[in-house]
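Structures incoming, each one as structure tokens.
There are two complexes below, and they share subunit A, which is joined by subunit B in the first and by subunit C in the second.
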Partner chain A sequence: MKRIFGLALGILTAIGGFVDIGDLVTNAVVGSRFGLSLAWIVVVGVLGICIFAQMSGRVAAVSGRATFELIRERLGPRLAVMNLGASFLINLMTLTAEIGGVALALQLVSSVDYLLWVPFAAIAIWLVIWRVKFKIMENVAGLVGLCLIGFAVGLFLLGPDWSELGRQVVHGVSTGTEKATTYWFYAVALFGAAMTPYEVFFFSSGAVEEGWTTKDLSESRANVVVGFPLGGLLSLAIAGCAAVVLLPQLIGVTALSQVMLPVAVAGGKLLLAFIILGVVAATAGAALETTLSAGYTIAQFLGWPWGKFRPPAQAARFHLLMIICLLVGIGTLMTGVDPIQVTEFSVVFSAVALPMTYLPILIVANDPEYMGKHVNGRVLNAVALVYLVIILAAALAAIPLMIITGAGQ
Partner chain B sequence: MGVWTRVAGLVLSLVLFSGCSQQSSATDDLIHALNETHSAIASSILAIELYDQQRSTQAVTDTVLGDMAKQAVDAEGALEPISVDSEQIESDRDAALAAVHAGVTALLSSRDEFSQHSAVANTTGLQSADQQVNAVLNQLGGSR
Partner chain C sequence: MTAEGDNQQPRWLDAHLHLLDRQVLDVHGVPVAVVDDLELSEIPAGQEIPRDMSPPVITALLSGPALATRIFGARPPDSRLVRTPWVAVREVGVVIKLSVGRDTQDLSWTERWVRDHVIGHIPGGRHTPKNEESQQGNERGGS
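Let's turn to the complex of A and B:
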């Protein structure tokens, strides 16, 4: 019974923790401009993150060590530093976007300008990391983040023409002035949002924090294989709500506040309150994960003591690094840069960094010295290789598409 | 020449090529600003209607109106530097500027009215500005 409860809890937190500010904004933007015509890329992205997250979780459970430690040891410091540099910078950008997301969500509750919320949000994140146990932190953020199921409820309450939505998925939407390059720019952005590197680092480091062993492999696989696709459905529901309410009125999403309009149309104040609570939890949860991931990546690479399972005094550099990253995030946002733009750039640059993140994981997962009999099977390797080709294509296309389209304008 | 140097050269060439080919025309810029303004006005009208129907909160409505006013102001600012190299473009730009300015005025007054009285008496100002924006958009052939 305890095992079933643990499994259910893991799956629920995986669903609630899947959506972050990148998914929220990108899916709403895409829904309001292209309807559900990019739903296929969400499916591709979710399948990709499932493959590599379970792989990195397995590496951590079998070896008892986290991704970056093994990457440095297996590939050597020169190649590993490229992986570290790309992953850390993207993670820092994502962290900034998530703090901005928390602040924007709090503005929706209070009317107080988001800039005033930024320092409070960052301090709250630091306090949680400092004082709250890993398991509690992860479960509370994930479970409260489940309020985002309100988007799926909202989509049903809107009573859309399902055949029209199905037609959008299959045939796309005639959008007049939207160009093919803009469509592909958002395809890359959605792919980057679904496969954000920090999710994998957090998943593998979390496995070490929680002391996973090979006995936990089936549970961790179930969390990923069931939880992430259901989280992906939430992403599609966000796009669906925007497609039903905003697209027909030619409203293009540029602000988080606009994402709330379809929800209010569908379910009024009650659903709106649920969704805002879910947005606060999802962005705060992702901010916690990205802050920890910032510490994990550098500390694991440099061989410093790391982890919330250690008292802060025993992992002082790990905690100091996280404080510095939070300060950088605050400083960036306080310049007045639009958090939504930071989010859009972070998901595109995530796509650029994906090969440097996922190729080393694939290499380590195939090394019998670390994995023993738990190395990747042939089928998994074949699928992962196909994904590496897709990832490489997305990485090469991301910056040219960003320049051609003026970042999707 | 190493593989990495070649890859870097290829990426740089792609970036430069795409950078050179991205010179959007003045008309595209006008259409973009008008679409942004229409989107801002339509969002604000929807937010006000939802608040009037008691389906949305004061904070959400206030935030939407503030965000959309800022978006329209930015759209107006983006029109200023557009270079004019023909009479047709100049005439289009003037029409777009007038329409976007009407949108900005309506959005700012709605935002201020809402923040002072927690209500907007009517949305006719916004609707009229939206019609003006849509008329120019249709003239430029850029409505989505």
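Let's turn to the complex of A and C:
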């Protein structure tokens, strides 16, 4: 009974923790401009993150080694330091966007300018990292994040023409104004939003934090394989809501309030309140994950003691680094930069940085010295190699597409 | 080269593959550093090496400034090298385990400095969220 409960809890946490500010914004933007014609890329991205997270979690559980230690071991210091630089900066960007997301959601509730909420949000994030147990932190954020199911509820309440939505999935939308390059730019952005590197840093380091062993493998696989796709459904619901309400009115998404607008139309204040709670939890949860990931990557690269399972004094540099990252995040937001734009950039750059994180994990997952009999099976390797090609293609295409389309303008 | 002090079968180690960039754990399983570079016993520079001379052996694992010089070239002055003597190495596996505690190494002076001057002063900094976890934590991270 306890096992089933633990399993259910893990799955629910994975669902609620799947969506972050990147998914919220990108899915809504795409839904409002392309309807559900990019739904297929969400499916591709979700399957990708399942494979990637499952592999990195298994490597961490079997060998006790988290992702960035392995990146350095396998790529050597030169490539690894470049990878670290890129991953760290993108992660910092995502962290900034997530804190901005928390603040924007709180602004919607309170009518207090989001800039005033930023320091409070960041301090709350820090307090949780400083004092709250890893497991509790993860579960609470994930479970409250489940409120985002309100997007799915909203979609049903809107009573859309399902055959029209289905037609969008298969044939695309004939708006006539969007160019093919813009379509593919958003395809890459959605892919990056689904497969953000920090998720993997967090997932594999979390496996070490929670002291996973080979016995926990089946449970972790269930969490990922069931939880992430259900989380992906939430992403599709966000896009669906935007496709039904915003697309016909030609409303572009430039603010978080517009992401939630369709839900307010569908379910009124009550559902909106529910969604805002979900958004706060999802973005705060992701802010926690990105802050920890910032610490994890550098600490693992340099061999420092790290982890929430140690008292802060025994992982002093790790904690100091996270404090600095939060301060940088506050500082960046205080310049008045638009958090939504930061988000849009962060998902595209996530796609760029992905191959250098993915490849070392794929190699180590096949190394018997680390993995013993838990090396990748043939089917998994075949799919993982297909994904290597997709990831490389997305990474190479991202920057040119961004320049050609003027970041999707 | 073979790892000394191993009571098992002699094992071939590829310095690049098995030693460099590996995580180093102290005797309690706490991360200390990463092997940034290796120090070999002296080979006379610029002279022909006599045939009967014993091959060079690893004398120490280096970390700290050695990383920057390994990436960008050059060599830091001897006084700046942070050494872990090879005799302190107990086991070479997926990670490198030492037979000493980390506080005996000058490796972790930055860690101690940050602990004593910054993190230790913030309330709650010396407590774990849950006590028994800190004990588990000591055994984690390596096996």
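One rule holds for everything that comes next: the second predicted complex is superposed on the first by the 407 of 409 C-alpha atoms of A that agree within 3 Å, B and C clash if a C-alpha of one lies under 4 Å from a C-alpha of the other, contacts with A are read in each partner's own complex, and residues count from 1 in each chain.
To be clear about the criterion, contacts are C-beta pairs under 8 Å (C-beta built on N, C-alpha and C of every residue); 3 or more make two chains touch, one makes a residue touch a chain.
Predicted model, so just to flag it, every value in this text is computed and none were measured.
A.B. asks: Between subunit B and subunit C, whom does A:L250 touch in the aligned arrangement: first, second, both, or neither?
C.D. replies: The first partner, subunit B, only.
A.B. asks: Please indicate which partner A:E178 is in contact with in the superposed arrangement: first for subunit B, second for subunit C, both, or neither.
C.D. replies: Once the two structures are laid over each other on A, A:E178 reaches subunit B alone.
A.B. asks: With both complexes superposed on chain A, which partner does A:R58 reach: first (subunit B), second (subunit C), both or neither?
C.D. replies: Neither subunit B nor subunit C is touched by A:R58.
A.B. asks: In the superposed arrangement, which partner chain does A:A316 touch: subunit B (first), subunit C (second), both, or neither?
C.D. replies: second
A.B. asks: Once chain A of both complexes is superposed, is A:L272 in touch with subunit B (first), subunit C (second), both, or neither?
C.D. replies: first
A.B. asks: Need the overlap of the two footprints on subunit A, from subunit B and from subunit C, as residue ranges.
C.D. replies: none
A.B. asks: Where on subunit C does subunit A make contact in their complex?
C.D. replies: It is residues 20-24, 30-34, 36, 63, 67, 70-71, 94-95, 110-112, 114-115, 118-120, 122, 124-130, 133-134, 136-137, 140-143 of subunit C that touch subunit A.
A.B. asks: Would you mind writing out the residues of subunit A in touch with subunit B in their complex?
C.D. replies: Result: residues 107-111, 175-178, 249-252, 254-255, 257-258, 260-261, 264-265, 268-269, 272-273, 276, 396, 399-401, 403-406, 409 of subunit A touch subunit B.
A.B. asks: Which stretch or stretches of subunit B touch subunit A in the complex?
C.D. replies: 11, 14-15, 17-19, 21-22, 24, 31-32, 35-36, 38-39, 42-43, 46-47, 50, 54-60, 62-64, 67-68, 71, 142-144
A.B. asks: Within their complex, state which residues of subunit A touch subunit C.
C.D. replies: 63-65, 69, 72-73, 76-78, 80-81, 130-134, 136, 208, 211, 299, 301-314, 316-317, 319-320, 369-370
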